[in-house]
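Note that the chains take the letters A, B, C and D in the order they are written out, and that residue 1 is the start of every chain.
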Amino acid sequence: MALIQKELKRMLAYSTLAQIGEIAAILGLGTSLATTASLLHVTNHAVMKTLLFFAAGAFILQSGRRHLKDLAGLGRVMPFTAGCYALATVAIMGLPPFSGFISKFLMITAAAAAGRIDVAALILVGSILAAFYYLRVVRILFFQPYEGPVVKEAPTSMLVAMALLASAIVFGGVAPTIQIDAASAVGNLVAARAGLPPVVVPDLLIVWPAAALIATLGAVAVWLFGKTSPAFATKLAIAVPAAAFVAVLLQPDRYDGLSFAFALLVSGVGTLNMAYATGYLAHHPHAQHRFYAAFALMMAGLMGMAGSHDFFNFFAFWELMSSWALYVALVHEETADARREAFKYFIFNTVGASFMFLGIAMFGTAADSFDFAAIARAAPAMTTVWAGSALVLVLVGMLMKAAMLPIRIDYQMHPATAPTPVSGYISAVLLKSGPYGVLKLMALFGGATLLDRLGLINGQSLIGNAIAIIGGVTLLYAGAMAVVQTGIKRLLIYSTVCQLGYITMALALGTTLGVAGGLMHFVNHMMLKDVLFLCAGAIMVTSHARTLDELGGLGRKMPITFGIFLFAGLSLAGIPPLNGFNSKWIIYVAAFESGHYVLGIFAMVASLFTLAAILKFAHAAFMGSPGAAAEHAHEAPATMLVPMLVLAAGSFAVGMMPGLLLVPIAAIQQELGMVPIAATWTGPLPGAGGWHPALLSILLLVLAGIGFLYLRLGRAGGAIIRSPIHLCGVQDIAMGQANIGAGNLYEAPDAAIRSLLHAKHDTGYSDDDTAADTTAPITIHAV
Amino acid sequence: MNFLRIFARNLLRGPSTVPFPFGPAWTPARMRGRVQFKLSSCTGCRACEQVCAPGAIRFDKTPEGLRFMMWHNTCVFCGMCEFYCPTDAIHQSDDWHMAHAVGEKYGMAIREVIPYTACTGCGMKTLASAPNPIGVVPPFTPEEVEQQRNQCPACRKKALAERGTPS
Amino acid sequence: MTLLQTLTDSARNLAVRSPWIYRINAGSCNGCDVECATTALIPRYDVERLGCQYCGSPRHADIVLITGPLTAHIKDDVLRVFAEIPDPKVTVAVGVCPISGGIFRESYAVHAQVDQYLPVDVNVPGCPPRPQAIIEGVAQAIAIWRQRI
Amino acid sequence: MLDTTTIPLAVLMFPGGLFALAFGLALKGLDRRVAARLQGRIGPPLAQPFFDLVKLARKRTMVPDIAAEPVFLGAPLIGTVSMLLAAALVPIPGVYAPNPMLGDLLVLLYLLAVPAVVLMIAGSASGSPFGAIGFSREMALMLAYEGPLVLVVAAVALRTGSFSLSDIIAYQQTHGAFLFDPVMWPALLAFLAFYPANLGIVPFDIPEAETEVLEGPLLEYSGPALGLFKMMSALKAVVVLGLGVALFFPSAPDGAAGLLVHLAKLVVMMLVGVTLLRVSMGRMRIDQAFSFFLRWPLALSLLSLAIVAAA
């Protein structure tokens, strides 16, 4: 009902009914934990709902309008009230780190403890529906332009009340112990009268690792300073991830091996992307500090997740990372497409997260503690059906995060309309949390505990094989789709999903070589894909184009970007001496050795699709005859080039010395209880036919030197002559017409793939669909 | 699969390439090659100039005589001049080795002068060309032809008048 | 000096044995073009014995065969394509048309003598010249090309 | 580290650099001469490709004004160099076993992809529309023939259980060459369809068609850069044929005789697969070639994979 409401207050009223329904459902369970959980939710809901009504009242008082449509853009005019409203909405949706999340978590755990999975599922579906209508209001308030009479902020008396309630919500989320003790005291009284055992509440305290704390506080500081002194805020924005990086370094014991490496990578790449973002957004600066804050908060979520020791913290930071912070960052450009795509991605994340939520609740209650080690110990005791379904639920949640399910990838992908630094960061780092989680679970539940009980195929766990096959199918499907795309970022996102397929498949193989290959590709892809996105960002800054057909011949105007793009693209596509190929090679050998030769063949063919997509991008954007965008194109500014160069240098170093990655990977494998691969700092690649990429590269360079002498002979007769291209002498063809755009490359395979996957021509920007019509077979795009 | 048979035949019979640059080349009998000009038999009737399509043949009067010029680089070797020349002074040989460096571009020409001779009758400059009386009754005897060879057209007309035959 | 000298001389002798042919049709009636084609392709006058090879792009050309009287319509295109051919190159005018305009000499639409616009090195008169004549022309062109390479 | 002293020698002199280059050029010359003889004409002298290279070295280099010069001139260099290296990876049975540090069958497989990639980058870097068409067709062709190739390599690897070429040869020396092993015949047929396409021989040289797209990617190249491309294609012939020999009939005596036998095998494969095909067939259209490869070569390689998996 709340969904169809047009008027703000009626919608809030209906949502209250929904919440009361949830509370009643939990109370009905009758266990002591259930009563405590519902009591806690009653208190939290009271606070949140009143704040919502206060804010709504302030809106109606000031602007005199009730209907949702004409509240558009009020966030700009009444920032504080709208801010409180947004905070309350996020809290009531049950997103960390606010109080709503704690009570919702307790309720679901109580339902799971009482064995009523259906009730828990019902509540989760309810919260997904809630997300729809709550978020719609926030979207209207903040991200639509405001036109209408001048409206001043609510009177101070109302502001003070709202501030108090907001701080209560935040306090309830960060330090819930007081509230929980109070609720459990009352719960015990009720339980004692009903003869039930006293309630034992699992400790639901979000433990903030130092790095995550710095990032969160930094984000808030950046947002606040953003209003007053933008220049200082921008510098602060870069400093925050750097500080987080140092914090992770200072606390090595806080994380286990895998998480320590992941946290370092998160903050390292985060610093580079943030520096890039300052350059990127300098061109059309509007509310960029809100963007930096959201970006920093995402990093905080990632690092918190890496540092978590129990499922509650893991899930809390997982939610923080992929929910509203991501939404604010994605919807930064506030165009119709951006809003639609960001909303679609937010809902997708919420659905994924609720799968995981259910799984975790089932695990937690079965072992009545959320700590990883405790669950691992208690796993053999659980019934196979219960533990198996819980594991499957959590894995599905993680795979959906990594956009792994082979159906309708374009829904699972992060939107192409997001600003490039964040979409680069999501592809490179955020989507990696999926495989990271899968590996952590495989290590936790691997071997005797749970996986083997769920059925074995020639020595490997059934689930491991299933994930590997899903990964294999996805990488083939996404690779084929990447070849067909013409949107700049759309193409890169599809190829990201393809590469993630590689990583998931490799990790799920379970053999030491497979995991090593997966981890190495994990890092290689993180560096290479980030560089590709940053190059795409540089192009979009200079040419404001969104599809490849509007570009052409930028190579001469942007030589450094072009060089880096070519290096990273070819390396990702798997050209031998480069680092992308090293990790792919390990994955191929691992796939063949572990008997999955079909997946190995999928992997090899898909790397060809990646090559096709990368070369199509390189041709359409950099090479080819110059299109309209090439006249005024200019090289990217230094702030954008430095991160690119750092990442390119990193991948080159890894290419030359694979030991840089292999030795830490061996240490991680040792810690995860696997047989580590044989790797030395300067040694060759592991596996049977281990070869040494540095040897290949040095030989190539030596031979290139000799070849260059032959090339120089041509110049015996003086400088190279620059002459116009040969068009059979015809002079009246405009340069643009002579340009073979991205749309009409590879006609034959294009048609085959389109018919096979019946993919339509979409660039992620709805208003662009009319421009590039798909019916005309070869359309020469006139200037 | 007859192309395999063709390949086998080619291999067995060996290449059928003419060893031209490194050996003599066969030339067909009636090859219309380079134009040759026999000065002695040319009577200066300028028929060939009329009939040469690309205008390769030119006559111009010079004090010593009527100059005949023919530029091989424009001639299209159609053979019309040989066909219409009454006294077959022009003949197309079968020499096709005419490729030349650009230096001798204007060298590829024939320049001959048909000398004037003094007319035996009136002492005027005239071409020593044998008359070609057509429809003269009774036809000229050879010594009459020889006698009129060196006369100018005016004297020839007079001689014809004296012979009493309509010219 | 002598070593370098002998080296370059031997390089020139070797290099001269692979002249690549490129044909520009400056508005010809295709008579000469058919003859040029036969010189390369038909087994009887195989020009590949001299190392020649027809190449599709002006950038690869060494010996340029020009046919046709350079009609006004195509003049500047031919000049542009000719400029795209890298040095050391040799030009052979095949047929009387490029040399003097042939039948079309006084026509308003023909810029008759090609060597007003392009440096021509060897003329092969004929309408069309015999394949052997073209081969002879190409052989002379190779001799000239030997000095320029 | 392993004894790396043999590697520089291998890469620069014997099976790799100069030897492979010289033999490749001789192979190309022989191919042109035999093709001419099949057509009943004398054909160029055997060393003609060598003369071409010397002539190209002495001509001026021209670069289109809209081309990205470093990539434009660097592309042929990378292609040739990678093929020089790949030549050192191909084992010559009984004479030369590649050092395992250099790489195995998979590395060789993707090193073989480098020339095609270089050709594509050259085509689009030159900025000319012909180059772009050549680029698009080369990629379409590569997408077509890579499938069967990967399946064939997988079938061989499954059969012998390892990716290193030396093990494959050892396996065949003990269990009899794959040429006479009926299980591997479909794979052999699929490979026979693959290597003319990889070498760009007439039925499949659609990207560099002289008549249709004026030699596609090579249109804008002149002088030494074009010479490098010619070297690259010559070397690629040696590497691909060497791979074919290593995969399917590597049995050969040791020492100098082994080398002669190996070279003879390469010549036979060249004459049968390349020259005969080149002289007897016309050039296919790109969609014909694309669908050709997705028909029976793909079916054959799948069949061979199935048989090998079953056997």
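Side notes on the structure shown:
The rule is short, and it goes like this: a residue touches a chain if its C-beta (ideal position, glycine included) is under 8 Å from a C-beta of that chain, and two chains touch if they have at least 3 such contacts.
The model shown is predicted, which means the values in this text are computed figures rather than measured ones.
Of the two chain pairs examined here, B-C and B-D, it is B-C that is joined by more C-beta pairs in contact.
Nearest to the global CA centroid, when each chain is reduced to the mean of its CA atoms, is chain D.
The mean-CA centres of chain B and chain C are about 31 angstrom from one another, to the nearest whole unit. Chain geometry summary: the mean Cα position of chain A and that of chain C are 63 Å apart.
Chain centres here are Cα averages; for chain C and chain D they lie 34 Å apart. Residue numbers of chain A whose C-beta contacts span two or more other chains: 717, 721, 723-724, 726, 728. Among the residues of chain D, those touching two or more other chains are numbered 36, 39-43, 57-62, 214, 219-220, 223. Residues of chain B found to touch two or more other chains are 15-17. By the document's touch criterion, interfaces exist between A-C, A-D, B-C, B-D, C-D.
Across the complex, chain D meets chain A through its residues 4, 7-8, 11-12, 17, 57-71, 73, 77-78, 80-82, 84-85, 100-107, 109-111, 113-114, 117, 120-121, 124-130, 132-133, 135-136, 139-140, 142-144, 146-147, 150-151, 154, 157-158, 162-164, 214, 219-220, 223-225, 227-228, 286-287, 290-291, 294, 305, 309. In the complex of the two chains, the chain B residues touching chain C come out as 15-18, 20-21, 25, 53-55, 71-77, 96-102, 105, 108.
Interface residues of chain B facing chain D in the complex, by the touch rule stated above, are 3-4, 7, 10-11, 13, 15-17. Residues of chain C that touch chain D in their complex: 11-12, 14-19, 42-44, 46, 48-49, 51, 53-57, 59-60, 62, 84, 86-88, 149. Note for the complex: chain A touches chain D at residues 483, 553, 555-556, 559, 562-563, 566, 570, 573-576, 581, 585, 588-589, 592, 597, 600-601, 604-605, 608-609, 611-612, 615-616, 618-619, 622-626, 684, 688-692, 695-696, 699-700, 703-704, 707-708, 710-718, 720-728, 735, 738-740, 744-749, 752.
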